[in-house]
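To start, the structure itself, in structure tokens.
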Amino acid sequence: MTIRICHFPRLVTALVFAGLLVGTLVVGSAQAFERAGEKFILVFGGRQPVPLLDPSQKYDWSTRMMQQAMYDALVKYENDPPVIKPWLAESWDVSDDAKVWTFHLAKNAKFHNGDPVNAEAVRFSFERTLKINKGPAWMLSDFLKPEGVKVVDEHTVRFELSEPFAPFLSFLPWWYVMNPAQVMAHQEGDDMGQKWMTDNEAGSGPFKIKRWEQGVLYELEAVPDYWKGWPQKKPLAGVIYKLIREAASQKAALQKGEADIVEGLSPEDFDIVAKLPGIKVENHAGMTTFGIKFNVSQPPMDDINLRKAVAHAFDYEAFLKIYNGNAKLQTSPFPFATQGHIDVPNFPRRDMAKAKAYLAKSKYPNGGIELEYVYVQGLEEERKMGLVLIDNLKPLNIGIKMVPLTWPNMKARGSKMETSPNMLAIFATPVATDPDAVAFQYHKDSWGKYYGTHYYSNEEVWGLIEKARKSSSWDERAPIYAEIQKKITDDQPEIFGMLANRRWAMRDYVKGFKFSPVRFTGEVDLYSLEIGK
Amino acid sequence: MAEPAPLLEIRDYSLSISTFDGVLKVLDGINLSIAPGEAVGIVGETGCGKSITVKSVVGLVPSPPARVEAGSVRFDGRDITSADEATIRRIRGQEIAMIFQDPMTYLNPLFTVGRQLRDVIQAKDRLKPQSERRDKRSIQAKAVELLSQVHLPNPERQLDAYPHQLSGGMRQRVLIAMALAGAPKLLIADEPTTALDVTIQAQILDLVKDLVERLGMAVLVISHDLGVVAAICQRIVVMYAGTVVEDATTEALFENPKHPYTRGLLAAIPRLDGSADSLASIAGTIPNLIDPPRGCRFHPRCAEAGETCRQAKPPSLEGAPGHWVACHIYGGGVG
Amino acid sequence: MSAASHPPVSPWRQALAAWRLRHHSKLRTMRLYAFTFSRSLSSMIGLGLVLLFFFLVLAGPWIVPYPEDATGSVNLDIKLQPPSAEHWFGTDEVGNDIYTRVVLGTQVSFQIGLIVVSIAMILGIPLGIIAGLSGGWLREVIMRVTDVFLSVPGLVLSLAIVAVLGPGILNAIFALALVWWPGYVRLIESKALSLKSEPFVDAARAVGAGMPRIIFFHILPNCVSPIVVKGSMDMGLAILAAASLGFIGLGAQPPHPEWGAMISIGRNYLPDFWWYSTFPGIAIYLTVLGFNLLGDGLRDILDPKTRSR
Amino acid sequence: MSAALLEVRGLTRHFRVRDGFRQHRTAVAVDGIDLALRAGEAYGLVGESGSGKSTVARMILRLLSPTAGTMVFRGQDITALQGEALMRLRENIQIVFQDPHASLNPRKTIFFSVAEPLVIHRGLRGTALQNRVEEVLEIVGLSGNFLYRYPHELSGGQKQRVCIARAVALDPKLLVLDEPTSALDVSVQAQVLEFLRDLKARLDLTYLFISHDLSVVRHLCDRVGVMYLGRIVEEGAVAKVFSAPDHPYTQSLLSAVPLPQAKQPAGRIVLSGDVPSPMAVPSGCAFHPRCPRKIGAVCETERPSLDSRPQGRRVACHL
Amino acid sequence: MALFVIKRVALLGLMLIGLILIMFTISHVAPGDPAGVAAGPDATAEMIEVIRKEYGLDKPLPMQFWIYLGDVFQGDLGRSIRTTHDVTDDLLRYFPATFELVGVAMLIAIFFGVPLGMLAAVFRDKGADHAIRFVSVSSVALPMFWLGLLLQLFVSLKLGWLPLGGQIGLMTERPEPITHLLLVDSLLRGQFETFREAFAHVILPAIALSAPALAAIIRVNRAEMIEVLHQDFIVTARAHGISSFRIVAIYALRNAMIPTLAMIGLRFGWMLGGTVLVEGVFDWPGVGLYAVQSAVNSDFQPVMGATLLIGFSFMLANFAIDIAYGWLDPRLREAG
């Protein structure tokens, strides 16, 4: 039925009017981003949230960036190659057997609430981390017991290790010092303030919390009278860490000036934004290795010839292509920035003839097997490596089944020798520059950890690792680590991949950016930044 | 004969409706007139076009798909054949009122009786000059008055009732009240009692009869039930397949039916007094109006049909005074 | 007239004639359907799109230029190239031909749609019939469980299920099927309930028809139209839902050429490499549009309520 | 008085009605009626809508189970028949519904509908089935080319014939006709009525004819029962009841029918008010609120019994 | 009415328990080790054990369910294993944003859907009808995440009219919370600039989210209007000379709104579901994004919590729709 409607224009008019109303509200609302006051607030556009701030419970790149901004540790990594700088500790002594470490604290250090940072605070912080036994606890828990931390006087603290541990100092930058009074004031039950510390801080660092909107943004406010002072002429008023999860949004925000630094763009995007006016890209070699771990304890990858065949069939150049040249192929199991790194001779590169020769020697001379390639779901580069693997192993008649898993599920798979997949894509960043931090990944005690899913077994190598970590003399240690690198390379427990460059895109007025490869992928030291406008 | 000028006069009215299957020739040269104050009934079986005739005349049949092919309609001295929507609406609102078959479905279930009644009163008021329009108070009063006019008990209370809270008879009374809102000259009742029980039907028929007499308006009753029509009307028009076959006073029609269809119809009705021993039925079925029979549309079912009936459409002839029949037999043309 | 004057009528022809006589009405109805359907432009567009879709499902591997690109091949030297004569829709981040992957994506989508809808029907229709005809506590139980499932948006529930089971095409299908069946229970239950009180069902009962007979001869045939219509619509919607899971990253996994996953990866390359996420999006749009228009068209011809004008 | 083919005692049916948000209320559709059908007669059950006449039909067919009362068919208590016995009963009692269109499965051919009882009860198939279906359709005056048509292709009268064919396919003894002509036009109604009359004689059937149309009942039936709000208020031979009704309701009912004739009889009784809802049946005589001849308090308090009167009539009235 | 409400509330509770049971069952066939996740990448076996105890993952399943059920009814949805946050706190933080987004999207859908449906019905089979139907069918077929990307691409990046994502500009202080709804609060506090900014942010995600609902509302409203306009009581109104506009916009619309309302209730739930797609695209800090982030990380407590919250909101919405039904349809309003 059709009705002749004379009045219908009324309705249409109403609709148009409503549209106009909406229009007036919107026009002009996309205003440019402005900075408040005389000082500048820097905006960092990151993809990863900071769900848990407590330094005793968690660390990853975004979390640690915030922890580093709000807390101080005894020492701090800076520069490339990284050096350990005195921080809360002005100096330290170590016994010859590398068992007793004594630190002398700065006298003017104070927490954000004005309390002094004293030896007791240091002792409490180490004790808390060790007792909670999460986050960084594993780094020292084998050598340091809570009782081993001793307050000598107001400004001196002594660590007595249960056995010699040469790399001790290299882990300390990640052990942040918290204000015992604040933490314990918020204790619930016997949680040692864990709940409160999730979204609050009790530190002495250059910044403190201003706004903490989970899932949206985190705003830090600079501490004007930071005890260590500010290196730059015009320190920042604060930093906003804005969660921008999409690459397109990150780029747009950077272009519009709504963000000053962004991380995590695709290799292509970095190349694109680098060409835009007013934007520069910091591009540095990092310490994060990418490798594809084999499970050497289970067939078929227990066959060294198969491992070598796969390693020689792999197209290493693909890494460079994926990163548009912004990566460096590994020349040793150790990252370049690790102390004692050597270029291992005859390090595997693509060579199909060799690959076929190795395959012929293996139990699977004609291929015909399918290997599982497990990677972290959502990690673009790992996914692409998988596709490269499929492509590269086709000539060997080896199939690849790509299995993306969430990080937890992947870790669960890798945690048992029986379930650990044939191949597992792993990005690993050593937490310290000391070679032990990498070498130990090949020790039996690392089995089942995410970097130990290869279940690599070589008594000789294990012995060397143990020997090296107990010695306090670098001259003694260096040749051992060279030996270790060669032996591991020979056993080919993984495809030794590459070290991708770390890149950040930022507005060109951002000054004072200091890179240090020991930091994690997106992590930036906010302390030294300034806006040069 | 000194008849008063007819209130409604339909002349040679033809209507077609296009459908998926083809064009339905729904009405074919209808003639019908109603004098002021006269009660006329239209009877016929399903699909004979009795309902669509009046709906079309008052502009309630959407066009397209419907199309007036020929003919003219005059109402109260004005030609309204091709009047525009506004005029028709004015007439519908003011001078012609309609009531329908199923009082439940013809009332909006979501609005109170009072609201619907007031809307109707207001709509009719809008057609008047500003000065004569009622204010809210007197609209309410008018609504109450109308409801009491149709003998609805407790009119004030019923205004707040929703249609579903009323019985069928009460709903029909409400519809009649709405029809009376504009003091119409003509009331069209389309199957007004078909959905009602016999005892309620009697009440409504009484009411209509009473109103017609009291208010002096003309009424056009459309029904398939000859009894209903006979109870109210002075004159009856019999329709078959889109044509008027017979038009006579009630008395003449029952006493002396002329058209074979009328006679067949009367013979098919079972009688309450048991006087009909066996029922005669009309052979065959209603024709398909996409391709209606040539000539007399009744001829395929007519026992008395001759060649002329197959060829020519019979003209409507006044056999006796006021008794019109459209049949070749009475025009002497059967052969 | 002698028999010899006729050419001998082949038995095949006779059978055909008999068959046509028997099914005269059905054939007429079919012709009417076809006619009504063909008069509606949108229905024809829908049919066209769905036929195109099926054509690509069947013929895909033979008509695409680089079939190996859908099974994990890598051409990093030509990654992220804009649309050109060799690569109609451009290439993706590992140099695969997007046109190839979009076309072969029809197979993935078809599998998902078909399996999800079939499982949903297999579960939903019998439960709906039971609930509609049985009444009492059995109906209550079935309908309440259905209500519970329907009380959570399907996408959220399937998200939760896939989150547990892990991403992957099979898990996605399983999760979608698990949230899809209640729709059929609702549909069939209400249909069966209204059919149950139809006089022709009473008439069948009056002549002594038992439950199975009533279900199979009287209830089910009258449920066919709504099932067909819903099935057609659901094909599209299931494909859309699977693409949504793929977009979140919980659906089909590489190197499966699944549209949602392609958009998901492609969005990382927006806005400069716009073609990457654009073409799979268009493919989803056209497919879902096709099934929806077809469903609409079928509803118009199968549902007498909208048929009458 | 010959033995009753069907005898109904105290037949009662309550319905639980959902009423808006309010929960269930009980509607008394049929309130303890007694009825006896003699073999070979046509018994008319008349009443207005809501009087419960169709509910009676459904209970006799065992499509609904009675709340109370017994039904005896050819000496057998059929009130609670199940399974095989119920199947046999359905060979003997059949029903034709009011709306012929709705009572045929729209997705099935005429052949299917008519064949259905034959397949179920006689297990016929193939040619035997085909022959019998054609034969039955012949009985109702439809020739064979209807077999593979669908209901929507038939006219109302034809559809009603198909329904009748289905009902008589098993040679039932009792045919319940529930308003079989009320959806039909007058001329078609005439055809069907004449045909029903003829059929009854030919097949030796007994009819329970349910209708709201008094003239139709008058035309077809031998005896009539008048129902009001679930009760029979008057019963007797059609001619007698119609010419001299005893119950005030019957009187007003008959008087209310507008006659297709020029002069309407004088002195019509027009009842005031509406039929009360079955959810609120008045106390005493259910008719008392509308009764023009109410005699006093007894009508409001005491339910009149259906008493036998001369000439085989029964009336439930205090008068 | 009271009885009705009580019964509905009881039913609501029952359905909630059913939902919890389903979610719980689903969650406990999980292959991953939730405790391992929580412990972090370098955790030792004993660290994992600590966590397992802490989260009660060492108890038998029925026990765990019983505890969980009790917790849920006390408003405790457990803790995220990934972030250690209270899920309830998280949800309370994110829900207002989602509610606001869904609310605006629903308003858009109704505001445009109902009149467009009406127009299409009135101009049935005319150009306007075809155009509106095309819009409607397209809105269903467009994947809303893709539509979101397109809107970002054109409206934000190309034209620069509206912001790309987020709920509000970086530097803008949120108004002091009253209702926790940004749009409402900024108005109540008289911060019109903030309101305008928040409004500009909500438009694109709301449009993307509203597309399927818009389509459904148009479709239902059109069909119902066509049906209602065929009804007898429309003939009555016309026969009495009531104006066409009044007939369509008041008489028919009210009748057509009843089924439309049912559709709106249904769509409310689907929209809540749609947030898992749209919020991710637009960086909208709501429950949908939270659920996806958690799901992708196999962090099940938050997924479960979000699902329960969305399911519960959906149930409440339908409850409200039922009440609204009564308001619109006097046949249901009946009786106390």
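The letters A, B, C, D and E name the chains in turn, as written, and every chain counts its residues from 1.
Criterion: contacts are C-beta pairs under 8 Å (C-beta built on N, C-alpha and C of every residue); 3 or more make two chains touch, one makes a residue touch a chain.
For clarity, every value in this text was computed on a predicted model and none was experimentally measured.
Separation of subunit A from subunit D in touch steps, taking the shortest path, is 2.
The busiest chain interface, judged by C-beta pairs in contact, is A-E. Subunit B and subunit E have CA centres that are 53 Å apart.
Centroid to centroid, with C-alpha atoms defining each point, subunit D and subunit E lie 54 Å apart.
In terms of their C-alpha centroids, the spacing between subunit A and subunit B amounts to 88 Å. Each chain gets one centre point, the mean of its Cα atoms, and the points for subunit A and subunit C are 46 Å apart. Within subunit E, contacts with two or more other chains are made by residues 31-32, 149, 152-153, 157, 243, 280-281, 296, 298, 331. Multi-chain contact residues of subunit A, defined as those touching 2 or more other chains: 1-4, 6, 246, 248, 377-378, 406, 409.
Subunit C meets subunit D in the complex at residues 21-25, 29, 198-200, 202-210, 213, 217-218, 221-222, 224. Of all residues in subunit E, only 31-34, 36-37, 39-47, 50-51, 80, 82-85, 90, 93-94, 111-112, 115, 118-119, 122-126, 149, 152-153, 156-157, 160-167, 169-171, 196-197, 199-200, 203, 226, 229-230, 243-245, 247-249, 280-281, 283, 285, 289-290, 293, 296-299 touch subunit A in the complex they form. Residue ranges of subunit A in contact with subunit C, taken from their complex: 246-248, 251, 266, 268-269, 272, 318, 321-322, 377-378, 380, 383-384, 386-388, 390-392, 400, 402-406, 409. On the side of subunit C, the complex with subunit E involves touching residues 42, 144-145, 147-149, 151-157, 159-166, 236, 240, 243-244, 247-250, 260, 263, 267, 270-271, 274, 277, 281, 284-289, 292-293, 296, 306. Those residues of subunit E whose C-beta lies close enough to touch subunit C in the complex are 14-15, 18-19, 22-23, 26-27, 29-32, 130, 133-134, 137-138, 140-143, 145-146, 149-150, 152-153, 157-158, 223, 269-270, 272-274, 276-277, 280-281, 291-292, 294-296, 298, 300, 303-304, 306-307, 310-311, 314-315, 318.
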